[in-house]
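Questions regarding the structure given below will be posed in turn.
For reference, chains read A, B, C and D in written order, and residue numbers begin at 1 within each chain.
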Amino acid sequence: MVLEGIYAPIPTPFDAASGDILPGAMEENVTRWAVTTLDGLVVCGSNGELPFVSMDERASLVRAAKNAVARAKSGMNIIAGTFMNATRDAIECCKVCEGAGADAALMLPPHYFKASGMVGARKFFEDVANASPIPVVLYNMPANTGVNIDAATIKQLSAHPNIIGVKDTSGDMTQMGYIANDHHENFSVFCGSGNYFLPALSLGASGGTLAVANLYPESARFLLQAYVRGENEEARKLQYRLMSASDLLTRQYGVPGIKAAMDRAGLYGGPCRAPMGDLPDDAKRKLFESLDATGLEEYEKWRLG
Amino acid sequence: MVLEGIYAPIPTPFDAASGDILPGAMEENVTRWAVTTLDGLVVCGSNGELPFVSMDERASLVRAAKNAVARAKSGMNIIAGTFMNATRDAIECCKVCEGAGADAALMLPPHYFKASGMVGARKFFEDVANASPIPVVLYNMPANTGVNIDAATIKQLSAHPNIIGVKDTSGDMTQMGYIANDHHENFSVFCGSGNYFLPALSLGASGGTLAVANLYPESARFLLQAYVRGENEEARKLQYRLMSASDLLTRQYGVPGIKAAMDRAGLYGGPCRAPMGDLPDDAKRKLFESLDATGLEEYEKWRLG
Amino acid sequence: MVLEGIYAPIPTPFDAASGDILPGAMEENVTRWAVTTLDGLVVCGSNGELPFVSMDERASLVRAAKNAVARAKSGMNIIAGTFMNATRDAIECCKVCEGAGADAALMLPPHYFKASGMVGARKFFEDVANASPIPVVLYNMPANTGVNIDAATIKQLSAHPNIIGVKDTSGDMTQMGYIANDHHENFSVFCGSGNYFLPALSLGASGGTLAVANLYPESARFLLQAYVRGENEEARKLQYRLMSASDLLTRQYGVPGIKAAMDRAGLYGGPCRAPMGDLPDDAKRKLFESLDATGLEEYEKWRLG
Amino acid sequence: MVLEGIYAPIPTPFDAASGDILPGAMEENVTRWAVTTLDGLVVCGSNGELPFVSMDERASLVRAAKNAVARAKSGMNIIAGTFMNATRDAIECCKVCEGAGADAALMLPPHYFKASGMVGARKFFEDVANASPIPVVLYNMPANTGVNIDAATIKQLSAHPNIIGVKDTSGDMTQMGYIANDHHENFSVFCGSGNYFLPALSLGASGGTLAVANLYPESARFLLQAYVRGENEEARKLQYRLMSASDLLTRQYGVPGIKAAMDRAGLYGGPCRAPMGDLPDDAKRKLFESLDATGLEEYEKWRLG
């Protein structure tokens, strides 16, 4: 498996009454995304409320997504968020999600205890990669974890045959420059946010896992194509519009914003799992207005389907 | 229950071969601590490797500790670390640990997603406190979580009848000054580290949960008594020695250091659970030399027992 | 000269029309402070708007303060803020201020360029101390400079015969514990803020340079005396009141707040030098109400003089 | 004047014996740069050791640079670093540098006192821009100042007729995306570092002020041209090489590294002004090897001249 193109890190659907996961809603959502040009989905990443979802629930959600992909005869890959705090649980989660059909495992570094630093992070990733039946994708997300996996460590880990890439959400373009251009073979670098998708592409990222791609996958696709064709002015304009939507759906309104926008678009968004709260109505209104102002709907015909 | 005096946040014993928890070793350790003047123990706090231990394991460990306390006819309270990322799991963990004998529940704020800030933290704590069968102690630990529960929020939460105090490990003495002097009734403020136990006492903390108290509970006691008696020069000297040991057992060598020192002292320290690593031999040697240099062993006769 | 007791870091008076310094107003203010129990004054420290005041202006202000001290036959020491970005200017400023009557020089570390770290800081302080005709006091103020002078570096510098102490405004009580208890001879540690004066005393600080002492010197004195006598409950109460005033005059309202409160108290506060702005009237009102709520006026009879 | 293309923020030459500035060496250096395709020079920016150079010295250095530009009949613009801590000094410095021939003034925000935030920053910039006889370029340099001028404030300031642009060295591509695409007329956005020159161009930056352009101006030019022509693969490769050199000359070796590399290239680098130290010989050797490994010399024929 090669990390390439555009992935959506999809939300986890919960039942409004019981708070339980809804694999059926997951299947319906994935069926909708299957008609887009998305290259893959991340199930139970940060946007899938990873810390709130148990290992068993993650397996059910992966299975539901995989079923929908298969039924739709889509080629989308499924990457599962398999981080657990203890190494043995993280390995077990990789195995369980592999059993449920995941193609790869997205893995955060240890982060509650920070003293062991990059030495500890490297050992953790190697221990997991050695034992995981599916390839591992490093997940660098310092805003949430307080830990940045540095460029030297990513390069070292890129030599591991079962580590195939990194999703970098640090936003640090010096780091992106290093890791996208200096790594071992069979390793890909993914941009972790639509806020700087084009800058990351310009440095050699092979694609991205973008929260904004839950709603605007074709906009991201047009941007990627404009970049590849060297249509830089077109790419710049698309990036600004995509960033505006991306920033709303990440830093400003976050997962509750994505879910609200999905509900409006006829997908199942639904409530978040507490302690993550839902958007109040006036925030939804503001979010929708701001999203509409980007005009990116014009590229997203699939939502009408 | 009133938070007062000196608590030890005790490590979780794991089997070296299987990596499983060892409730028996927990019982033996607690039996040893029962002859000290400790007022209580925290089971499965940060020093108990909280993020690596499941809800069921926490219950077993609490039960083991409680049994040992009961058999020893000790008055030590047992506070359980009951934080889980999802609110419903955190509540369930409070219930399970109450069933196992915990007297109170130590609770971190939500921290992977940081956007909801103090509003989200307050709602989380109130939801948990409303549902928990045992009183809740707020646990402010910004170095690990990246989130500081601010003084205004702590004051608001102090009004809740089922929230009895806060363990503050921010090290911010302005914040400590506010929260120790301006809160609602039936609320106590605990210092979270031996690094600044005396400064916290000087501001009105009613005691502390101190990693260093796993090995030096009587040193902490002498310090507390010197402070209470107004023997400030004596207290200053003890604080410097206690801080030296505390800093080694927290910022410098952490949980692996505490476990190594426990092994040396005839308690069960044992290995940490991965990804937390153990101390290499030369680090142990340095740690032991530095601990011995504090001379605090003179106060810790119980270890001979 | 030995750093001991309570110092006020006094504001710099500016003319409202021209923006020029007012040495006459400085003299009048110092004459007022001369009847208090203050042990010394800091002229052109952070509260003296150090970065906005030229070397020549600093000399004039020091001279004015020194004159007033002499005329009042007061024993107050004058410490001058002599930091300049270039080493040679910092040395020159020490000389010029010595010529104007300063007893010691308060010196920040280099901080615009941060790459040289503690090695560079140490060299800077040693170069200045070697050349300065008056003793140097290290000034650790990370909130303003972004640089913390660490405990190991402070210990090394404490061996220099012309470095007599440190004013630590880091608020880090672990650091305070180290530096107050582990340094070479003839070196004193001063607390840099009334927000944590008592905690610093409890660790061995010999006194403090406190913004709050511009208005509440006798309150700080009573606190210090209560601490020395071991009246810890009394000290705790005073610290809470002093902290409330201190926090208003530092983190909340800053230098503009001190100047407004001085105007109200019959001292010359006057305007700040731009870009530092003055307090709007409603902020003044709130500040005054909050200051009055501390009730500390009861100790400050000198203001009636 | 429109900010466009590639500027070098040139170092300030100091005499090794006296430590005084050397306007003659400045003229010689500028004469060398005048044969490159550089669009302009920044005199007394951060790389010109701005905080260590007095207002009079800045004027002399600007005059020297301007003379050399005139004699060489070069079209290079001269931007002067005119920040001073006090508003009135900053304005005076703009006037003095205008008198010496500067075309524009590069201005940091106030940063020693941070409490007034963006409101204070905005007032400062407006006061300076109102009084300055030359256009003002905002200078956002959070790594050195600890203050980030946020996107909303930059947009507001872009409406001022005498503020013509911003040099953004935050490295934050979300911010770059906003400010490069959403500002008032006659305002340009410059990238502040070669570490992310291409990413900034991809978002709409009109050029950059790049430390690396002191030595590799033509490499930066080729990169800019490749970007403009849509040769994205070529641009990516150049960016990686330029970044490698840029990172060495900024984060890794800083101004001392630039000066050492200039000495090697036959320009006048010379010593830094203390407290900025010079590179030891082994560091120089490592730096030169790493610079040579980029192979960018091939583009820099002007250095042979």
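Here is the rule we go by: contacts are C-beta pairs under 8 Å (C-beta built on N, C-alpha and C of every residue); 3 or more make two chains touch, one makes a residue touch a chain.
Predicted, not measured: the structure shown is a model, and the values here were computed from it.
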Starting from the defined contact criterion, work out which chains touch chain A and chain B both, please.
none
What chain lies farthest away from chain B once each centre is taken as the mean of the Cα atoms?
D
Just curious, how far off is chain D from chain B if you go by their C-alpha centres, in Å?
51
Centre-of-Cα separation between chain D and chain A, whole angstrom:
37
Show the residues in chain A shared as contacts by 2 or more other chains, in ascending order.
251
Chain contact graph, described as a line, ring, star, complete graph or other shape
ring
Under the stated touch criterion, can you name all the chain pairs that qualify?
A-B, A-D, B-C, C-D
Which of the residues in chain C come into contact with chain D in the complex?
19, 46, 50-53, 85-89, 110, 112-116, 120, 123-124, 127, 143-146, 251, 254-255, 273-277
Write out the stretch or stretches of chain D touching chain A in their complex.
171-174, 176-178, 181, 195-196, 198-204, 227-232, 235-236, 239-240, 243, 247, 251
